[in-house]
Amino acid sequence: MPKRFVFVVRQPPYSGARNAEMLDQILAAAAFDLAVDVLFLDDGVWHLQSGQSPQNAGLRRFAPMLQTLELYDVREIAVEAESLEERALAAEKLILPVRCLARIDIPDWIAGHEIAVSCG
Amino acid sequence: MKFVIQINASPREAQAANTGYQFIKAALANGHDILLVFFYYDGVCNAQVPAFAGEDDLSAHWCALARAHALDFVLCVSAAQRRGLASCEGADDRRLAPGFRIGGLGQWVDACLKADRILAFGV
Amino acid sequence: MQLDRQGFLADPSSWNEELAERLADTIGIRLTEEHWEIVRFIRDYYRRYEYLPNARLFVKAIQKSLGADKGSSRYLHKLFPGGPLKQVCLVAGLPKPPGCL
Amino acid sequence: MSVLHLVNTSPFETVALIRCLERAGEGDAVLLLENGVYGALSGCGFSAKVAAAAGSLDIVVLEPDLEARGLDRARLLQSLRLVGYSGFVELAVRHPLSLSWT
């Protein structure tokens, strides 16, 4: 059976080159037609906030890049429901369709993978 | 067991690279295999050679370890390019400490598929 | 037409179809409709995602959008023998993709 | 598959330790290393949470990092165990997955 990857994103956007580099690593696995899931936790969920316009801060937009997750058949884009709630974010207003997982179900969900990678 | 190790931090900013180094030594001492040490994010800075000697220099320790155990130390090319450690004009490994080479995420994925365990040091 | 040290268009906003022909000329390629299809594809990709794929993803993205015949290294190498992703970005007036040597 | 969680930041500086404990599953291990070893202290604001989690998790402290920081065993929560780098490798062997928390 092919190995299932999960990438866990906990850092907010605009964390320097890290954002693009974490996406490169996720997509590298996806490019091999592997089963790849991404989990946004804690401040990582801020990546999914709609309406980000960092141009006036002199920063590059990252949200469009994240949309390539869908293009390359990343299997599941999951977020933790509590992480959204704590930040007053609504799942249906995010920039990508996501699967919401309750905090209590996170350990079992992660345990269903063969390779876990922290992306900061 | 077969390990893939990812080093994500510069040796000058955090302890994580040193921890990874200690872990690899212990894993080898316990009879495990290290398929690949992949340097990513600021971890590519482990391949920089300091311009002066004297301070404890992890890159020298990495070199010795790579030589002693014939380990494969790969820097992600785009992470290295972003930090000025690889040129954009050709495969130029000359600015790297001996023992390190330029490679890509494809090698990391490949090694992960063959490995029993994947560990990262420094997020 | 101003080029950078690696032969890429210095000012991407100055790109137009006529410049594309001249850029292609610098790498010895005469653009056919097959070339244009790939050039338009990568410009559209970059406009939408503001990010360039790596070589492997590039092939995969073409596969999804133009079909398996065109989404193959062999087909793309025939069109752009010096490295499809790098050369198509050069012709399309886009930045040099990271990771390309 | 069980997870080896690595926590390498001080609980006085970040919430990584608490966030990790909230997502660790029964049978997982949590290794406190580097500045994360401060999370093994007793009598601090977070200590009760760590002690409670030690019921269902294997919470382990990397001894060389503890020594480096001049902390002796007497100041730590009772239920935690200490390992060296070999013990760290054994933990990685026992748990197929690993996640880092910063």
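Each chain gets a letter, A, B, C and D, in the order it is written, and its residues are counted from 1.
What we mean here is this: a residue touches a chain if its C-beta (ideal position, glycine included) is under 8 Å from a C-beta of that chain, and two chains touch if they have at least 3 such contacts.
Just so we're clear, the structure is a prediction, and the values are computed from it rather than from any experiment.
Among the remaining chains, those touching chain A and also chain B are C, D. In terms of C-beta pairs in contact, B-D outnumbers the other of A-C and B-D.
Mean C-alpha position of chain A lies 28 Å from that of chain C.
One simple way to say how far apart two chains are is to compare their mean CA positions; for chain A and chain D this gives 26 Å. Chain C and chain D have Cα centroids lying 49 Å from one another.
Among the residues of chain B, those touching two or more other chains are numbered 78, 82, 104-106, 118, 120, 123.
Contact of a single residue of chain D with at least two other chains is seen at positions 96, 98, 100-102. Annotation for chain A: residues touching 2 or more other chains are 10, 24, 28, 31-32, 115-116, 118, 120.
If each chain is drawn as a node and touching chains are joined, the picture fits none of the line, ring, star or complete shapes.
Contacting chain pairs in the structure are A-B, A-C, A-D, B-C, B-D. Against chain B, in their complex, chain C makes its touches with residues 6, 54, 56, 96, 98-101.
Looking at the complex, you find that chain D touches chain A at residues 1-3, 19, 22-26, 28, 96-102.
Within the complex formed with chain D, the chain B residues making contact are 1, 3, 14-16, 19, 22-23, 25-27, 29-30, 32, 116-123.
Residue ranges of chain A in contact with chain C, taken from their complex: 20, 24, 27-28, 30-32, 60-61, 64-65, 67-68, 71-72. Partner chain A is touched in their complex by these residues of chain C: 48-51, 53-54, 56-57, 60-61, 64.
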